[in-house]
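Structure record follows, encoded as structure tokens.
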Amino acid sequence: MEAVNQTLLREILEQIAHEMSAAPDRGTVATYIPELAKVDPAQFGIAVSLPDGTTLTAGDAATPFSVQSISKVFMLAIALGRLGDQLWHRVGREPSGLAFNSILQLEREKGIPRNPFVNAGAIAVTDAVLAGHQPRDVLGELLRFVRMAAEDDDIHINKAVAASEQATAHRNIALAEFMAAEGNLRNAVALTIGTYVHQCAVEMSCAQLARAGRFLTNAPGAPRLVSAARVRRINALMMMCGHYDGSGEFAYRAGLPGKSGVGGGILAIAPGRASIAVWSPGLNERGNSKLGSAAIEMLVRKTGWSVFG
Amino acid sequence: MEAVNQTLLREILEQIAHEMSAAPDRGTVATYIPELAKVDPAQFGIAVSLPDGTTLTAGDAATPFSVQSISKVFMLAIALGRLGDQLWHRVGREPSGLAFNSILQLEREKGIPRNPFVNAGAIAVTDAVLAGHQPRDVLGELLRFVRMAAEDDDIHINKAVAASEQATAHRNIALAEFMAAEGNLRNAVALTIGTYVHQCAVEMSCAQLARAGRFLTNAPGAPRLVSAARVRRINALMMMCGHYDGSGEFAYRAGLPGKSGVGGGILAIAPGRASIAVWSPGLNERGNSKLGSAAIEMLVRKTGWSVFG
Amino acid sequence: MEAVNQTLLREILEQIAHEMSAAPDRGTVATYIPELAKVDPAQFGIAVSLPDGTTLTAGDAATPFSVQSISKVFMLAIALGRLGDQLWHRVGREPSGLAFNSILQLEREKGIPRNPFVNAGAIAVTDAVLAGHQPRDVLGELLRFVRMAAEDDDIHINKAVAASEQATAHRNIALAEFMAAEGNLRNAVALTIGTYVHQCAVEMSCAQLARAGRFLTNAPGAPRLVSAARVRRINALMMMCGHYDGSGEFAYRAGLPGKSGVGGGILAIAPGRASIAVWSPGLNERGNSKLGSAAIEMLVRKTGWSVFG
Amino acid sequence: MEAVNQTLLREILEQIAHEMSAAPDRGTVATYIPELAKVDPAQFGIAVSLPDGTTLTAGDAATPFSVQSISKVFMLAIALGRLGDQLWHRVGREPSGLAFNSILQLEREKGIPRNPFVNAGAIAVTDAVLAGHQPRDVLGELLRFVRMAAEDDDIHINKAVAASEQATAHRNIALAEFMAAEGNLRNAVALTIGTYVHQCAVEMSCAQLARAGRFLTNAPGAPRLVSAARVRRINALMMMCGHYDGSGEFAYRAGLPGKSGVGGGILAIAPGRASIAVWSPGLNERGNSKLGSAAIEMLVRKTGWSVFG
């Protein structure tokens, strides 16, 4: 693999941050979680973390933001470590072709969510990890995992965001109740949803998130938190389902596995090379960060990091 | 990139062919095209073609088979060359979450197929290339493209298979008529479907197909039939949608972009490294070659060719 | 049953016609069949035919119009006479909950249309009557049936309308091809659709249509073309499915079994009392005659003819 | 209207009860509410109540059973009395074409249930009546209404059944949460669902239920609890949607408006003539009482009470 010169990379990041800070059309900040609706859409940050931990940043890369659905990746890694392939009895591995919070698919497939990254699937994963434990224990495990991955203890859950999301969680509760009706939930709905909304409220900066994603590069020097085979599978799932029903578009444009969150963050992995985090709060019509998606596309074009050749 | 030793690769292929020839559960040969139902399910072939054209094979790699939906990849390359991004007004780029011949999705999205690899999408692509020309001209162009890609002129259309498929094409005609009703068809349904069934009836051996796929590796030495950027995009589409509603499973297990056909063939691309073709007529419940899928998974495990790290 | 005085009834009809002729919002004439798009939306006719044939009219009740889907009622009567309950292997008896030309439902239920009045179901009924005969024979039988029911030989098929509909029949052909793919079509698609578009092009005036519907009143004196039990069943189907996904609304407002057509006609039956025909070309958002629906609602309110008490 | 002789009617009921008591295939008792699963499937009761209150019975017509969804009719009458046509902003009037507890439709139509008799619709109706009041007040009003209609104060809610249903109410809670997410719920989900499960747990015997239904006959002598126009509309809704996705079948076979419950009861109305109640706990594949449906069909055949002529 031809190494990308760090000086060049730094220049590329500066160039991207510069272009993005001036972008007129920045998408729309998610409003359904009131706490998130307050975030200033003018912000943009980007960070690239190399396997050895060297982390290059530009823009607002030190500002913590709500990772939201990106937390699903870390909880999935924990669930696979705990349950192994047993997890796949409760959730599928196919893209959904529908919106991230669709109930329709869940009905068609009898309570088995299509993949671990649609909301229903992530709730099932959290429920599988919860398995009779206390929410605080599971959330503690998640924080330990993320902090170890990022080699940074200053990563926390924003309780105001969690409370705000809890108050508007009707649709996620509906998904959980529906799974309960179909026998695909093990804990009380309130416990599982309570855990889930707190997990989504983890906050990281781009720099922290990029560092936390290094274990997914499978590169020598990166933290090895799960087996190499499992890393490949998580990456495959991110590629196929990481951007809801905009996953095809992200694969087509960026060519990397990645996971987005409605807080405006995206984690993308260049296998063997780097972990990338971007953040810009405005979303496109599929619910993915508008400038974030464009930034990763630009980065990949300039670095040649696409997995597709 | 660490090169895989050719001797080792040859051994791997032999081992795979040996294991597959003995597999007791070989899936089910597609019966809806009578000509294809006659094919002996005991066959298995595999070929790996390196960018320079060196092609290693094992098993029944010299037996021609009906490529069926794999032809969609080549027609897509032609369509993109002809229309560029205009093509995307007529077909989407997202996985469908539904069966390959589903009409349901088409209704939900007003006649715009979800991607170029579901049947409706491929019919729209063929229709876009046809654009007032004669079917024989379009089929001639397809054959020229494939022969050039494979550097082999001995590639033909099996007219008995085309006739057999034409006779049972009700569902594909329904898709085309539905698109016509929604204003997303430019030619007479009979012309477009006639072209489509002939395109699906192209026959290649594994060796020929593997060679024909080299242009998608974007590797130095491989034929350059489309731009590097377009290659990446075609690979992305194959990754996301190449195995119908089993695309997630193939990505999860094999970790390569690929396209399957109901004739039992699969073309998979290891970007920068090799083009791979397998063939075994028995299909799994998603309509993809059962042993073919397993063979590519085994090959990737032994070579480390997954794009996911 | 308290008889409605004929003088009073005549007054009611005049009043309705007067009110409707002045209605400012008349709905939208269907445009997808070019011949029908030419019809002047200012027209309105109404006719009530008593079992003994006495027919009271008001407005444009002598102007022939295209009965379109109303023909499905007569073809269903013929099909039941020919096949009896065998017909129900090919078509269901439940309201669809979807638009009249939806393919979605057809896919969900494996090619068995939900009822004989959605397009797919009517095509299956026509196909069942066709059963190897010539289209002209089936159309001849339909005309004989309708003429006998109306006791009027001056009822014909408008060939220009049939040709116009044939030219834009893509969606109906799609439905037929889809049923063929699922094994629920016995004749060549072109023959069945050719018969179907001609059947829809039958023309009658309100007076003729009201007279033709008397056999569905099951009243002494009315022509007895099918058994009393079968009349009740046809009426039940009209009540449940006669106005596409506006059937509930029509039952709620009018309280009579009825069948509408996109030509703007409605046939409604007051069992034991009268057969009612209205016509006004403008349609509401569900594809049913806007003023026609209102007129029948008004008539039922003034006569107390609702079947619901 | 020819009156049916009471002696003859009594004979008919005896004959039906006799035939039904010997029926070998009695359907399947609903198991999802544990309390209901305990009911002995060998039971069968029937009662016909004439407008003046004369009530003829046969079989187990004095045994109280859980009316379940039949309660929706009474709550709808209360809701229409309270809100009038405002109610229709929150629930539609069309048959659903889907199972009684389907979420799919709810998603397609943005949280507006298709009609007041699918579960989601009934929950919306209960929520509309609740409107900030206490559940016990609403349940008190329901009991007063039913007791007045039946002229019988010995009608109660079975709290064990309510508790049993509450414990397995996941799917109904999912429907309520989904409506809450779409802004179509006014009270806390727990309050609305708590009211709903208690409303479903009202118990009546066939004799009581038949008497309670007389107000829907619109016949002189029957209690007049709602206006005549509203009675017709409630009957229309029962006809179109009263038997879930078996409504078409019931209309086709029985020809009367009716409402079934998973406790095995059915209330059917012969407008102007009689109110009919049957009960047999075993259900058919659509969730309606198997013998109950057959009994009403037989009764209508022998009395000529079909509304369809």
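Which chain is which? They are A, B, C and D, in the order written, and residues in each are numbered from 1.
In this section, a contact is a pair of C-beta atoms (placed from the backbone, for glycine too) under 8 Å apart; a residue touches a chain by one contact, two chains touch by 3 or more.
Note that the structure is a prediction, hence the values are computed from the model and not measured.
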item	value
Separation of mean Cα positions, chain C and chain B [Å, integer]	48
Centroid distance [mean C-alpha coordinates] between chain C and chain A, Å	55
Interchain centroid distance [CA atoms averaged], chain C/chain D, Å	32
Junction residues of chain D - those touching two or more other chains	none
Arrangement of touching chains [line / ring / star / complete / other]	ring
Complete list of chain pairs which touch one another	A-B, A-D, B-C, C-D
In the complex, chain A residues that touch chain B	1, 92-98, 105, 114-115, 216-219, 228, 231-233, 235-237, 239-241, 245-249, 251-252, 255, 257, 269, 271-272, 306-309
Complex interface listing, chain D residues touching chain A	102-104, 106-108, 170-171, 173-175, 177-178, 180-181, 189
